[in-house]
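Alright, structures below, take your time with them.
The same subunit A turns up in both complexes below, where it pairs with subunit B and then with subunit C.
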Partner chain A sequence: MLKYIMKRLLAGVLTIFVLITISFFMMHAMPGGPFSPDEQKNVPPEVLERIAASYGLDRPVGEQYLNYWKNLLRGDLGISYKKQDTSVNSIIDIHFPVSARVGAVAVVVALLIGIPMGVLAALYRGKAMDMAAMVFCTIGISVPVFIISLLLLYLFAGVLQWLPSFGLTSWRHYILPVACLAFNPIAYITRQTRSSMLEALEQDYVRTARAKGVMELWVVGKHALKNALTPVITYLGPLVAGLLTGSFVVERLFSVPGVGRYFVQSVSDRDYTMIMGIVIFFGIFVVVCNLISDILLAIVDPRVKLNS
Partner chain B sequence: MFVNYPDMDEYASLPAEMFEVCADSSDAEEIARPSTTYWHDVWQRFRRDPLALAGLMVILAMALMAVFIPMFSPYTYSGMNLTAINQGPSLAHPCGTDQMGRDIFIRIMYGARISLTIGVVAAAINFLIGVIYGGLSGYIGGRTDMIMMRIVDILSSLPSLLYIVLIMLLFGSNVLSVVLALCFTSWIGTARVVRSEVMHLKHSEYVLASRLAGGRTWHLLVSHLIPNAMGPIIVSTAFLIPSAIFSEAFLSFLGIGIQAPMASWGSLANDAIPMMLSEPYQIFFPVLAICITMFSFNFIGDGLRDALDPRLKK
Partner chain C sequence: MNNLLEVKNLNTSFKIGVGTVQAVRGISFHVGEGESVGIVGESGSGKSVTMLSVMGLLPDYADIRADSILFAGREMTQMTPKQLRAMHGSEIGMIFQDPMTSLNPLFNVENQLTEPLRIHMKMGKTEARQRALELLKQVEIPNPEARLKQYPHELSGGLRQRVMIAIAIACGPKMVIADEPTTALDVTIQSQILELLEHLKNTTKTSIIMITHDLGVIASMCSRIIVMYGGIICEEGSAREIFYEPKHPYTWGLLNSIPKINGNPDEKLIPINGTPPDMLMPPKGCPFAPRCRYCMPVCREYMAPRTQLGETHAVACHLMHPKAPKVEREV
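The block that comes next holds the complex of A and B.
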């Protein structure tokens, strides 16, 4: 067990190293940039050189790379190219809690709806309930998040005017962004729960439990569901990465002041330090979430570490 | 144990003319119908799936429309007509016009060219990389396989969307860089499938026989292992097409994909957001196009999965 966890941890650290290195060299290879003489024709070249020097851009690449690491190990992600008085850390400090709150509510909602729906679909296999759940899953898996967001925004905030379309000041403001973020995950979780539940219900231990006269609710709830939930745990890691994708769209459409919206904004501003800082922050976040779900899975299901 | 038939002698005395041939058994061993090939079977199963067949028809129709309609249409994707801005759907403009008087229908058709091209090209490249990488890794095995798979593990735990955005910034916003960005990590799924199939198949008798007959690694891979692993490989590639189309639409929707005046479905939807309440048709048609395409490709993928591996069907 400990060996497995150590192996996963080592892989995680290696992944983060690769992530930071790739990001650094990709950002370094970007053509143009805010301080290149080609793009800033009205600023005298000496001024541009001085600005570049203040960001350490006049040093050789290797040294810049080492400096970036040094700062990073102190937890410093650098200062925005666009707004000289704003550091990447301050943006993350202020805006990440907002994203995290909306994201966490979406994860909880997705689990609370997806798991029961999957279980019901499996129990009533082939019945109307199952059909309805499967149609919903097909829609949820095929329709991209930005389209769901557009449709919900148009319907509930535009035409019906039931819910506010922007901001995040009351609980009613959470409904639309959370619904948009949770839509695709609900479909995945339902489908996953249904198929693993169907498999679990055919196992010998379920038949044994029934033969012993265990109550049906208990058979389903304890014996079958417990074993059917392991694939859902595996999905939690990618789920966080998926919410990230969703957050870029949802935070922009609903004007939620989260990191996702800042990321899209800094991409169109070509604010390189900001982009890189957020990429590294998000990247580490996703890698850590994957790691946690892997370790969690190994604790819940001992077969995992035997197979790998 | 012998059974005694006392009446047999009676029959033996009958003359030969009294017997007649009741059936000609000379062709009993002949095969009445041509034997079906694997791919013929697959097609037979695929054909019986109405959703998958409908999906295939829709995609074929869309591809034909995307190729031919722009050739014969009086409008172009960038042609503006300031006397006809924000017009609702009509005979002249089946999907209406946008705020610059451009025909939305023709812009959706150009968008279909981009989406379908990106989907197919990205899937083809990922298929190629995945087959080569997974095939080599599975075939060689041992330490090489271990290292190759660790590299894949690391790449797959990177959040690929962030890197797609970085690659778009690095190479500029055009179709080629979208395809390039999508090839960064999408091949990993295919590579894993190929690897596990090859590992499973490489100990089969026909592979051993071929190796015994002097077959080289490359020959074994290309003419025995990969063709026999084709079913699962095709399924995993089929689902790459909709995910590539999704990624392109997503990037364009955020404003970092295809650039104006060229139109992609994502950028059409994005452009129409400010007009959403007053001119909802401007957002409706591009969204409809994306949904239809995504559904069709997913149905085709599901149909292929069921047709190629009927055991998986539940």
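The block that comes next holds the complex of A and C.
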């Protein structure tokens, strides 16, 4: 088990190292930028040069790279190119928890709805319940999140006026953004649970459980479900990583002050330190989430330790 | 000897997309208390379906009809699912063909072995664990304490089948049904498992139904043998009758396809030519007729009636008719 975790950890560290290096050099290979004289026509070139120097941009790229690492290892992601009094760390500190809160609720909702719905669809295979779930899944997987979001926003905040359309001041404010974020994952989890549940119910060990006189509820809820959930656990890492880092569309639409919005904005601002900082932060977050779901999987499925 | 299990006119079919699979077509048999009965027949002859029908363990789309299934004097066809469940694993234990897939890969031996004890005997954790250790010793698994904590993938096929046997006998059942318990195992392991089952039979007085497609497997163990083909019983009798006075050409075929006890090792084994019938459209006559070298016109038109040859020996073959030609088994 420990060896398995160490291996995954090492792979994660390597991934992050590569991610940082590639994104650093890509940023620097990009022509132009916020301090390039061609773009800032009304600022005197000497001023631009001074600003650039204050960010260390006058140094050779190799040295900048090493400096970036030095700061990074102290946990310092640098200062925004755009807002020169704001550090990348402070943006993440303030806005990530907002995204993470909404995202975490969405993850819980997705699991609490997706798993039971998938199980029921499998148990009532071919019946109305199953059909309805499958139609929902097809919609949930194929319709893009911004269309779903607009529809929900229009319906519940616009026409019906049941729910607030922006901000995050009460629990009711969470409903629409969470629903939009969870929509696609619910569909995915339902479909996955249904198909792995159908497979599990066909297995010999389920017949063995019945031959032992195990109650049907436990045959399904213990013997089949635990096996059916292993693919869902694998999906948990990307799911948590994806939802907790926020969604640009949803945060923009519902005026949620999350980090997802800042990320996209920093791209259009060409705020390179901000982009780098958020990419690295997200990268580490994704790696950690995947590591946790890998460990979870190894706990649930004892066979994992062998073939990894 | 009293009858423990008595099945009368069992018919089981499966409605599937293209039609109805008539897997079992009107079979009747009984198993006495403490008796061990073998059911033999080629793949697809309906052996598993027969036993799963008796247990009520077939999927919903199976259509099971029987005039009566009596177990220990109780009518199983009238039982509620709850009453049936109370018998599963406590009064009747089952051992399946493939020990690789019959155990749940995500639960350890202790969990799976103590499950019937906790359900049927209402044992607590420590008591069930104690009993599980005894059971593992009973099925001759060395180092039982360590085995309890292991998962199926950490055990060899033979050990897993021993665990399955331990599960089947956990609650001291009146009857154990073993559905091809050795088919998936190596030859050496096969004989060990058979020895173990025989030993359990002799020490616990449990009735055993041994399902197999290999007559050799049950030669030493079963006192009575039922030969199935195409969803019907074509011959049944004591082991002696089946081995030394077989009457049905299909039984002859089966006997010729196994090595003889004390036989010459170079002796040629004769397989039965042809393939088993398609149970979607079973032939209206004797199911074995198309492959039978003594086939008469009547065989293709009518099912053969059951002819009782002795107290235990019965055969369903038109050759038994007084006017049928006298044929001899070719050996």
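By our rule, the second predicted complex is superposed on the first by the 300 of 308 C-alpha atoms of A that agree within 3 Å, B and C clash if a C-alpha of one lies under 4 Å from a C-alpha of the other, contacts with A are read in each partner's own complex, and residues count from 1 in each chain.
By definition in this document, contacts are C-beta pairs under 8 Å (C-beta built on N, C-alpha and C of every residue); 3 or more make two chains touch, one makes a residue touch a chain.
What you are looking at is a predicted structure, and each value in this text was computed from that prediction instead of being measured.
Chemist: With the two structures overlaid on subunit A, would subunit B and subunit C clash, or do they fit side by side?
Modeler: Aligned through their shared chain, the two binders fit side by side on subunit A.
Chemist: In the superposed model, which partner reaches more residues of subunit A, subunit B or subunit C?
Modeler: B
Chemist: In the overlay, answer first, second, both or neither for which of subunit B and subunit C A:Ala52 touches.
Modeler: Once the two structures are laid over each other on A, A:Ala52 reaches no partner at all.
Chemist: What is the value, to the nearest 10 degrees, of the angle subtended at the Cα centroid of subunit A by the Cα centroids of subunit B and subunit C?
Modeler: Between the subunit B and subunit C centres, as viewed from subunit A, the angle is 70 degrees.
Chemist: Applying the document's definition of touch, where does A:Met215 land relative to subunit B and subunit C: first, second, both, or neither?
Modeler: A:Met215 sits against subunit C, while subunit B stays out of touch.
Chemist: Looking at A:Gln203, would you say it contacts subunit B, subunit C, both, or neither? Reply first, second, both or neither.
Modeler: After superposing on A, A:Gln203 lies in contact with subunit C but is clear of subunit B.
Chemist: Just subunit B (first), just subunit C (second), both, or neither: which does A:Leu72 touch?
Modeler: neither
Chemist: Tell me which partner A:Thr245 touches in the superposition: subunit B (first), subunit C (second), both or neither.
Modeler: Only subunit B; A:Thr245 stays clear of subunit C.
Chemist: If you've got the overlay open, could you tell me the nearest Cα approach between subunit B and subunit C in whole angstrom?
Modeler: 8
Chemist: Show which residues of subunit C lie in contact with subunit A when the two form their complex.
Modeler: Touching subunit A: residues 55, 57, 81, 85-90, 93-94, 96, 98, 101-108, 115-116, 119-120, 151, 153-154, 164, 167 of subunit C.
Chemist: Looking at the complex, which residues from subunit A come into contact with subunit B?
Modeler: Within the complex, subunit A touches subunit B at residues 11-12, 14-15, 18-19, 22-23, 26-27, 29-31, 138, 141-147, 150-151, 153-154, 158, 195, 198, 241, 244-245, 248-249, 252-253, 264, 267-268, 270, 275, 279, 282-283, 286-287, 290.
Chemist: Please output the residues of subunit A touching subunit C within their complex, sorted ascending.
Modeler: Residues 203-205, 207-216, 223, 226-227, 300-303, 306 of subunit A touch subunit C in their complex.
Chemist: In the complex, go through subunit B and note every residue touching subunit A.
Modeler: On the subunit B side, the touching residues are 150, 153-154, 157-159, 161-163, 165-167, 169-170, 242, 246, 249-250, 253-256, 266, 269, 273, 276-277, 280, 283, 287, 290-291, 294-295, 298, 314.
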